[in-house]
Amino acid sequence: MLKQYSFEKTAVQTFDDKTSLAIKTEDLQVFYGQNHAMFDANLAFPKNQITALIGASGSGKSTYLRSLNRMNDGIATVTGKIWYHGVNINEPGVNIYEIRRHIGMVFQRPNPFAKSIRENIVYALRANGLKKKAELEERVEQSLKGAALWDEVKDNLDKSALSLSGGQQQRLCIARSIAMAPDVLLLDEPCSALDPISTVKVEETLLELQKKYSIIIVTHNMQQASRISSQCAFFHLGHVMEYVPTGTMFSNPQIPVTQDYIAGSFG
Amino acid sequence: MNAKRTDLLATILIDLIVASVVGILFFLLAYILTAGLPHVSWSFLTGATDAFSGAGGIGVQLFNSFYLLVLTMLISVPISLGAGIYLAEYAKDNWRTSLIRSAIEVLSSLPSVVVGLFGFLLFVVKFKIGFSVISGAIALTFFNLPLLTRNIEESLSAVSRSQREAGLSLGLSKWKTEIGIILPVALPGIVTGIVLSAGRVFGEAAALIYTAGQSAPVTNFADWNPMDAASPLNPLRPAETLAVHIWKVNTEGLASNAAALSAAASAVLIIAVLLFNLGARLLGTYLYRRVTASK
Amino acid sequence: MNKGSKLAMGIAAISLLLVGCGKATSSTSSKGSSEALSGKVTAVGSTALQPLAAKAGSNFTAKNSKVNLTVQGGGSGTGLSQVQAGAVSIGDSDIFAEEKAGIKADKLTDHKVAVVGMAPVVNKDAGIKNLKMAQVKQIFTGKITNWKEVGGKDQKIVIINRAQGSGTRATFENAVLKGATAVKSQEQDSNGAVQKIVSTTPGAISYLAFSYFTNKLQAVSIDNVTPTDNNVQTNKWKIWSYEHMYTKGKPTGATAAFLKFMNSKDVQNSLVKDMGYISIHDMKVTKDAKGVVTQN
Amino acid sequence: MEQTNFQLKKQDAQSDEWEAQLHHATKATREDWIGRGISYFCIGIIILVVASMLWFITSKGIATFTQNHVSLWKFLSGTNWAPDQGQTGALPMILGSFAVTFAAAIVATPFAVGTAIFMTEISPNKGRKFLQPVIELLVGIPSVVYGFIGLAVIVPFMRHLVGGSGFGIISATFVLFVMVLPTITSMTVDSLRAVPRFYKEASLALGATRWQTVSRVILRSATSGILTAIIFGMARAFGEALAVQMVIGNAAIMPKNLISPASTLTSQLTTGIGDTIDGTLPNNALWSLALILLLMSLVFNALVRIIAKRGQLKHER
C-alpha cells in the first residue's frame, strides 16, 4: 500500500545570491495531453555545483529535467518560467537550438552516433560553423580529456563509436556534450545502464567537470547522489517535496515523505 | 481420428504444399532460363530490333529500360525521401496525417494500368508530350512513390529515438539531425528498398504501354547530347522497354521465332530482376556493416 | 544541405524538361524545301502502319539528316485524335477518318500511303480452303457454328475477332457483314496474336492482313477468288483497305516532304511491297470513305 | 510552500546580450525552415498526384453518364459491350474481373497459409533461409513474364486438357494464382509471427498437438491478418492487366464457364484505349471501366482498414 503524503508540506531551499545561479524554474508544470505530470516546480540551481534530482520511478524528475533544455517540445506541454541568464527560455520566440547548445544533455542509455569517435564530437561543432581542422582536433582532445576518455581512445579516434564499451560510450556522450562548451549539463540517469566500474569513472568525471559546468543529474541511486552532489531535490508524484543541501537530505531529512524514502520504508 | 494422426496428416499436407510452391518457382525459373538462354547472345543483347517483325536484338530496349529506371529513380527518390522524412519526423498524429497516409495507401493500391492511363491522359493527351521517356518515367514515379515513401519512413522510424534526442540535445536542427544522423543509420534499409523497387520498375509494363510507348526507334549511340533528337538520352523520344517488348512480341510479333525471342527477352529480364534482388541483399548487408561496425 | 540542394536541382531539372517538352512537340517545321530540310515530324497511330512508317522514316532521315522524325504506335484512334488536336504532325490510321465518330474529317487531309488486303484465315485442321461470302457472314454472325455445315470437318467453329474499334475489324465488317452485327467472341487486338491463336487452335477462324499469312494457317478463298495482291488491285477481292496518313490541313515543310517521299516510287515499289503491302500506284480502283469503288 | 519571489532578470550586465542571443535566428533555425519546406513540398507532390489522379479518372469516367447519358444501372448490368454501336454493358468485364480475382484468391489461400505455417511453425529456420528468398523471387518476376509463361505453357496445356482455345478464366486464374501467392504468403507470415509466443506455449503445455495449436490457437488469433493478406492479394489480382490480358482471350461476353474466353476490366482497357477517340462514347466508356478499377481499389483499401480495426478491438478485449 502506498502511503498518502501531503503535498502541502514541502521543504524547498532558496538562494539569496542570485548571480550564483545557473538556472531557475518558476511554477513549472508539465502536461502529457490530459495527464498532469509536473506540478509547480520552483527550483534554483547554483553554478558550478552538482545538483541531484532523486525520487521513485514516475516521480517526474526526468520530465522536469527534459523541460530545462526544451527537449519536451512537441512531446509535452510545459508552462511556467525557466530563467537562464536573465532570460525566460520557456517562451515561443526563443531559439531552442541555441538553448540546447548552452544547456547540454546526456541520456540514460548511451546514444553515440553511428559514426567514428572523432565524428561523434565534431559533427555538431561543424554543423555550428566551426570548420578549422586544428580547432576541431583541439576540441576533440579537450572534451575527451574532460570526459576522462582520451587515454583510452586517443589512438583509435576513427573507430566506430559503437565499438566502445557501454561506460566508454557514455563518457563519449558526455565528451560530445561538453565539446559544445555548454555551461549547464543535464544528465538523465547516466549510469543506470552501466556496470559499477564504469559508474565510478563517470562519477569521477562529473566531480572534475563541476569546476567548469553546472551539473544537474537525475539518479535513482541514492548512494550516487550522496557521493557526488552538493544539492539534492526529492521528487514525489510530480511534486518537488524537499530541496536541501545533500548532507542535510541524507542525515536529517525535513519532512516525512523524504524521511521514509531515504530510510527505504517508502510506500 | 485421433489428434496425433491428424497432426501427422496436416504436417504432410503442409510439406506437400511447400514442396509445390518451391516446385512452381523452380519450374518458372527453369522454364524461362532453358527456353530463353540458348537464344541469348551478345548480338541479341546489343542488336537492333527489326521494326516490322519484332525480330532481332534488344539492345535499344535494354538501354531504354535502364535509362527509364535511372530517370524514374532520379525523380522518385528525392520526393519520397522528403515525404518519408515528413511522415517520420514532422507529421503529427492527427486526422490530417491519417488522411495523407490513406492517400499514399490508395496510390499504392491503384492498378498499374490505371496509373499508366492517368499518365497517358496527362502527358500524351493533355500536355501533348507524346509517348516519351519522360512521360514513362513520371508514370513510373507515380507508381513507385508510395512504396518508396513507406519504405523510407519505416527505415527512418526504425532508428532509435535516442539517436534523435542525441542530435537535438546538441542543438542540431531537426532537419540536420534527420539528414546527418538518422539517415545514415537508416540507409541500409532505404537502399535495399530502392534496389528492390528498381527491380519492380524494371519489370513494369502496363504503366508504360501508353506513356513511354511501344516503339523503340533506333538511336544514335554516338550522340549523347540529350537535346538531340537521335540521342539515346533524349527524354522526348518514345522508348519501348524490355518488359513492353516482351508483351508486344507475344501479342503482336510476326517473327517466325517470336516464342524464342520473347523467351530470350524474358530470360534477360528475369536475370536482371534477380540481380536487383541479390544486389539489394548484398548492398543492404554491406551498408549495414559499414554503418554500424568500424569503418 | 547537400541532399536538399540535390533535391532542389532534381526538381528544377524535371520542370525544365517538362517545359522543354511542351515547346518541342508543338513546333512543326515551316521551312522551305529547296534547301536542306529541317524540322520535327511526329507520326503517331496505327500499329499496323507503324513498321512501314518507321522503316520509311529512317530511310527518309538518312537523306535528310536535319529532320527529326519519330514514328510511334498507340492505335488508329490515338493517331486521329492526336493529329486533330494538333499534338502530332501525322496521324496514322487504318480507316477513313470519316468512319471514326468524334473526328472532324473535313479538318484533316488524307494521304493514302498503301493498301492492305485481308482475308479470312482458318486453322488447317478445319479442312476449309474456300467459302462463299454469305457463309463467311453467317459464320461471323453466329448462324453457322460447325465446320461440317460448310463442307469441312465435324468441328466446332471458334471465332477469333479483332478488338472493337480496330481498323482491321472495321474493314472486314464493312466488306463482309455489311451492317450485320458480329457474334460476341474472343477478341485479340493484334495480328500477331491472331496469327498465333488461329494456327494453334483447332476449328479457329479469324482474318488477317496478307502479310501475316504463314504456312501454319490456311488463308481462305471467297467465292473462288484467291486472296492475292492482283485480285485486290482490280477489286475482285473485296476485303481491303487503305493505310492513311492524316495531317491537319495542308502539310508543310518536312511533313510535306516526308509524305511526298512515302508516295514516291522508291517507297511504293520497294519498301511497301517488301513489307507485304500493296502499292497505291498499282491500284486500278479507288474506294471512298463510304465504300464506293470506282475504276481509275 | 516557501518561495521568495525573485527574478534573475537584469541581474548581470550581460543579460541583454543573452536575451538577444537566445532569440536570434541561427543556421539551425533556418535549416529547420528549409527542411520543413522541402518535406512539406514532397508530401504535397504526392497528395497532388493522388488528388489529380482521382479527379481526372473520375471526371473522365463519369462522362459516360453525364455527357453520353448512359444510365449507370444499364452500364453496370448490361451484358452487351459494343461501345462503337452505343452498347455499353460492362457486366461481362466486371464479372470477369471478379471471377478471376476470387478464383485466384481461393486457389492461392490454402497454398499461402500452408507455406506460411511451414515458415513460422514447422521449420522457421528453413523458412527464413530458403523459403523467404523463394517468395521474394516470386514477387520479383515481372507480370509480362508471367503472361508469357501463361501463353506458352498454361494456355496450350488447358487446350489439351479441356479443349477449346485454352484461353479463358481458368488460365487467367492459374497465372494470377502464382502472382498473388507470394503477396498473400508473406503477409500471412507476418501476421502469424505477430501471434504472441505464449499463446503457442500455453497451448502446447496443455498437451495439444502442433496441428491443434496451429489450427485452434495460432490461425484463429491471426485471422484478421490473414484476411488482410487475402484482400491485398485480391487487390493485386483485380488490377493486374497484361498477364491476364495475354491469357484470358478478351471476349466481352458473359463468362459461361471457366474454359471459354472472357475478359476483365483491365484487359478491355489495354486492348481498347488506343483505338478510341478522346471524348467519344467508346473512349469514355473505357474510362468508366478505369473508374471502376479505381473505386474497387478504394474498396479493397477500406476493407483492409475495417478488418484491421476489428482485429484491434478483438485484441484489446
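Labels for the chains are A, B, C and D, by order of writing; each one numbers its residues from 1.
We adopt the following convention: a residue touches a chain if its C-beta (ideal position, glycine included) is under 8 Å from a C-beta of that chain, and two chains touch if they have at least 3 such contacts.
Just so you know, these numbers come straight off a predicted model, no measurement behind them.
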Which other chains touch chain A while also touching chain D?
B
Contacts common to chain A and chain B (chain labels)
D
Chain pair with the most C-beta contacts:
B-D
Reported most central chain by Cα centroids is B
Chain B-chain C separation of Cα centroids, rounded to whole Å
34
When the centre of a chain is set as the mean of its C-alpha atoms, what distance in Å lies between chain B and chain D?
17
Between chain A and chain C, what is the gap in Å from one C-alpha centre to the other?
80
So how far apart, in whole Å, are chain C and chain D when each is placed at the average of its C-alpha atoms?
37
Could you list which residues of chain D touch at least two other chains?
27-29, 31-32, 34-35, 38, 42, 273-274, 278
Please set out, as single numbers or ranges, the residues of chain C touching at least two other chains.
4, 7, 47, 73-74, 78, 81, 85, 188-189
Going by the touch rule set out above, which residues of chain A reach two or more other chains?
97-99, 127-128
Touch relationships between chains, expressed as pairs:
A-B, A-D, B-C, B-D, C-D
Touching chain B in the complex: which residues of chain C?
3-4, 6-7, 10-11, 14, 17-18, 20-22, 24-26, 40, 42, 44, 47, 50-52, 54-55, 58, 68, 70-74, 78, 81-82, 85-88, 188-193, 195-196, 211-212, 214, 275
Mind listing the chain D positions that touch chain B in their complex?
27-29, 31-32, 34-36, 38-43, 45-47, 49-54, 56-57, 60, 110-111, 114-115, 117-118, 122, 130-131, 133-134, 136-138, 140-145, 147-149, 151-153, 178, 181, 185, 208-212, 214-215, 235, 238-242, 246, 266, 269-270, 273-274, 278, 287, 290, 293-294, 297-298, 300-301, 305
Chain A-touching residues of chain B, taken from the complex the two chains share:
160, 162-163, 165-173, 176, 180-181, 184-185, 291-295
Chain A contacts chain B in the complex at 69, 71, 97-101, 104-107, 109, 111-116, 123-124, 127-128, 158-160, 162-163, 173, 176-177, 180
Hey, which residues of chain C end up touching chain D in the complex?
1, 4, 7-8, 47, 73-78, 80-81, 85, 100-103, 158, 160, 163-167, 181, 184-189, 197, 200-201, 204
